[in-house]
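Below, chain A partners chain B and then partners chain C, in two separate complexes.
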Partner chain A sequence: MPLELRSVTKRVGAHAHIHDTSVRLAEEGFNILLGTTLSGKTTLMQLMAGLEQPTSGTVWFAGRNVTRIAVQRRNVAMVYQQFINYPNFTVFENIASPLRVARVPAPEIDKRVRRMADLLRLGPLLQRRPAELSGGQQQRTALARALVRDADLVLLDEPLANLDFKLREELRDELPKLFAGRRCTVVFATSEPMEALLLGGHTAALHQGRITQFGPTAEVYRRPVDLLTAQVFSNPPINTAPVTKQAGSIVLSDTVRWPAQGHQQQIPDGPYTIGIRPHHVSPVAGGHTAARIDGNVLVAEISGSESTIHFSHGPLTWVSQSHGVHPSQVGDIARFHLDVGQCLFFDADGRRVA
Partner chain B sequence: MDAKTENQRGWLYVLPVVVLVACNAVIPLMAVVNYSVQETFGNNVFFFEGVKWFQQVLHSERFHAALLRQLAFTGIILVIEVPLGVAIALAMPRRGPWVSVCLVLMALPLLIPWNVVGAMWNIFALPDIGMLGRLLNGLGLNYNYTQQPFSAWATLIAMDVWHWTSLVVLLAYAGLSSIPDAYYQAAKIDGASSWAVFRYIQLPKMKRVLTIAVLLRFMDSFNIYTEPFVLTGGGPGNSTTLLSIDLVKIALGQFDLGPAAAMSIIYFLIILALSWIFYTVMTRGEGQS
Partner chain C sequence: MRRALPTLYILFLMLPIYWLVTMSFKPTTEILGSFTLWPQAFTLENYAKIFTDPTWYNGYVNSLIYVVINTVISVVVALPAAYAFSRYRFLGDKHLFFWLLTNRMAPAAVFALPFFELYSAVGLFDTHIAVALAHCLFNIPLAVWILEGFMSSVPKQLDETAYLDGYSFWRFFLRIFVPTIAAGIGVAAFFCFMFSWVELLLAKTLTSVAAKPIAATMTRTASSSGYELGLLAAAGTLTFIPGAVVIYFVRNYIAKGFALGRV
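After this line comes the complex of A and B, so read on.
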């Protein structure tokens, strides 16, 4: 039962929230909407759910045009960043509420609620009220409410964003298991590239109300179609620098140049923008073809197993992220190694060419 | 090395509060307790009387009547103002340029000094020259708040509703504004009716501010003095003589300091007890957070 948006736009006053968007979601696995705050993730979800009407274009579900069908008749469920539960209902009543509205017989409700509560480890908490639960338990309750009705479309709008780090990891690991074997389309919005990679499935990269690329998550990450997608899908931000290709060499600055690698050999001479992810810039030489780059250390952070070093080279600021502890002092001149085979090349329009 | 130094000057910081509370509450209260157990015939000579005044007040029909009027008045205005305030808050726009217009309009009655409110309604409701009085009589109603107890009560209640409903509106509106949009969306997805949204989302989310609104309105209306004093002076007859008006009549009109002091203390204890009951009932069964 795929969900499809056909040339959907959303304008509020003079402001375009969603530009002309067409996308056909995957039926299997998560559909991840990845973008920063205000990139249009929530608006896109509301359009998918039917909470908002598109300014133009149509929404299709299972081959049916559902654009004008009210949200409560579409069998969708949604979980939000805030923990949304009925405040004076018990956990049991909260999970049961969509079934009660749908007039499911009481014994059936009891059975389904208990099954769902066991699945989400809420069994012992059924008689509590939301105010007596931890954030993680409140969000589990909201998830149970969304799942108990066997919705055709489940929309998860940054459901992990308000949780503590530990709980977030826990619930993120459980999510794919919860949806495994369910016949529903799942959409998951997040602003964290790492979350998209961990959840897998398909990813739509969003930038200012536009889907820049939609495809299998690993594919979008490895082969972004343009610079915007690469920037959306990289944390810490991807390093970018203007380069020139001439006579089989890539020239970044007076001191940094390397012979064109792989696909880089096929692109014509001229100016390009390269993008290179922070973990391909390392303070230690690896086995791969590397270009050496010297820089002034601006910030050096060590987080247990990883070192993050910000440095400047000429007018540009770079970020290096590497395994292990690589102590360096602010103000040091340090040498880094660019894994040039991993460089993404973008033309003047921002499209990836190599 | 770094021995802890005792510094008594720290007390100076709390001195202003101590002085303020002492002058504002503790000393007057002690004076009242003092008066309530003594009798005086002038010349600043006092005799200890024990609980005589308390017994006298508690057994006086005059006190019972005033207390009954007070309870009726407070009950009526709570029953009108709280639902009306919530209804107005629900009807107000949630965003856009009209929000501030509505809020300012709502706040206006609260900015007017209490005696001015009384004076306004006094003139507004006069049957011969007041707009309201002329209108009602023009409609064929027999309305004269200076002569008929029913008219006096109706005017008194209308005045209080006009003056104080805004407070409930503002508190309820603040409560409503704090509900994230996601709640309404979730309810919409569930297919919940607007009654269900009110009953299961808005009302529980407003519970805390409504508790405060009810308590404030209860205490203020139970203490009300200025407006009825200016509007009716407790008349016609004794029909609008609420507790505080009666108290002032006894204390300043008759200069019966002992009974007035005893009545003050009983009055205070009634408010305290009723406030506690309201609070306990309204916050019953609430979660920790």
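After this line comes the complex of A and C, so read on.
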């Protein structure tokens, strides 16, 4: 039962919130909408749900045009970043509410609510009100309500963003299990690339109301079609630099150059923009082919077993992220090793060529 | 010292109220005769008179009737209006919203004459509903402002979740939304109640006998058979009670209400 957007746009006044977008979501696994704040994730979800009407284009579900169908009759469930529950209902009634509206017989409601509550570990809390729950429990209640009715389409709009770190990890682990074996299309919006990678499935990278790429998550991560996608799908931000290819060598600056590797050998000579992820720039030499780059340390953070160093090299400001503790002082000149085989090459239009 | 100043201030504020209450337990001769801090000849006669004489107690009944009607109309009308202002953007919404509040800026006297003419013409003069409707002029805008504030603090995702769950608008509005902002409704009702209860000019102008409010009864008595100051004080003391009862129910939300729900 796939959801499909055909040439959907959304304009509010003179402002385009969603540019011409066509996408056919995957039926299996999560469909992740990855993008920063204001990239259009929520608007896109509202269009999918039917809470907003597209300015042009159509929404299709299971081969049926549902663009004009009222949201009440679409069988869509949604969980928000804010913990949204009905404050005057108990947890039980919150979970039961979509079933009550659908006039499911009471004994069956009871059975299904209790099963769902057990699954989400809300069993002992059924008689409480949402205000008497912790944030994690409130979000579980919202999830239970979304799942209890076997919706065809479940939209999760950054459901973990307002949870503290531990609860977020916990619920993130549970999510794929909750959806395993369900016949529904799941859309998960997030602004964290790491979350997309952990949840797998398919990813749509969003930038300013445009889907720059949609495909299997690992594929989008490893082989972004363009620079924007690579930037959306990297945290800390991907390092970029203008380079020139000449006579089989890649020249980044007077001191940084390397012989073209793999696919890099096949692209014609000329100017390019490279993108290299922070964890491919390391203060220690690895086993791979590396170019050395010296930098002026701007910021050095050590969090547990990971070191993040911001440094400048000429006009460039780059980030290096590496395992292990690599202490360095702000103002030091430090040497980094560039895993040149991992460089992504983009042409003048931002399309990836190698 | 730190406590003395606030204590003095509160005593200063309480003094007129204390004076009114003690007066209500004095016979008029004592009030006019000598200066006494508390009743020398304690009497309940003033209260007895009010509770036994229909021209007196009907004043309270009339006031309560139109105040309650007004409160109900104001809140019921303001609920959908406030929802529209809170949830939808439409042409001129901000101007309209502000214009509502400007209705409170004109003194009631301005409206007394047109209301009197209008209600006399349509045969509503001297009815409870006349006063209740007249007070709507002030109270509906106020209720809209208060309720809009409370409604806007409820995320619109709650509405969306309900629609996704299959609720129709009205079912959502009555079953989920209204209970969610119950405190706001209580506060709005309280303010409508109070403004309608203390308003004198319109209430007096639009009534003569059948719907005469207590405040009008009090003003007339002051100038009739001599001074009946004790009786007047007792009547005044009793006017505190309805407000005190209502405020008890919304005591935790009053501050938010004074900020028109925007805290």
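In this section, the second predicted complex is superposed on the first by the 354 of 354 C-alpha atoms of A that agree within 3 Å, B and C clash if a C-alpha of one lies under 4 Å from a C-alpha of the other, contacts with A are read in each partner's own complex, and residues count from 1 in each chain.
By definition in this document, contacts are C-beta pairs under 8 Å (C-beta built on N, C-alpha and C of every residue); 3 or more make two chains touch, one makes a residue touch a chain.
Nothing here was measured: the structure is a model prediction, and the numbers come from that model.
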Clash-or-fit label for the pair chain B, chain C on chain A: clash
First, second, both or neither for A:76, with chain B first and chain C second: both
Partner chain in contact with A:90 - chain B first, chain C second, else both or neither: neither
Touched partner set for A:320, first chain B, second chain C, both or neither: neither
Chain B versus chain C as contact partner of A:129, first or second or both or neither: first
Touching partner for A:234 - first (chain B), second (chain C), both, neither: neither
Partner chain in contact with A:217 - chain B first, chain C second, else both or neither: neither
Residues on chain A lying within both footprints (that of chain B and that of chain C): 46, 49, 51, 71-73, 76-78, 80, 82, 84, 86-89, 97-98, 101-102
Touching residues on chain A, where the partner in the complex is chain B: 46, 49, 51, 71-73, 76-78, 80-82, 84, 86-89, 97-98, 101-102, 129-132
Complex contact set, residues of chain A against chain C: 46, 49, 51, 71-74, 76-78, 80, 82, 84, 86-89, 97-98, 101-102, 142, 145, 149
Parts of chain C lying in touch with chain A, wherever the complex brings them together: 155, 157-158, 160-168, 171, 176, 179-180, 182
Contact set on chain B toward chain A in their complex: 180, 182-183, 185-186, 188-192, 200-201, 204-205, 286-289
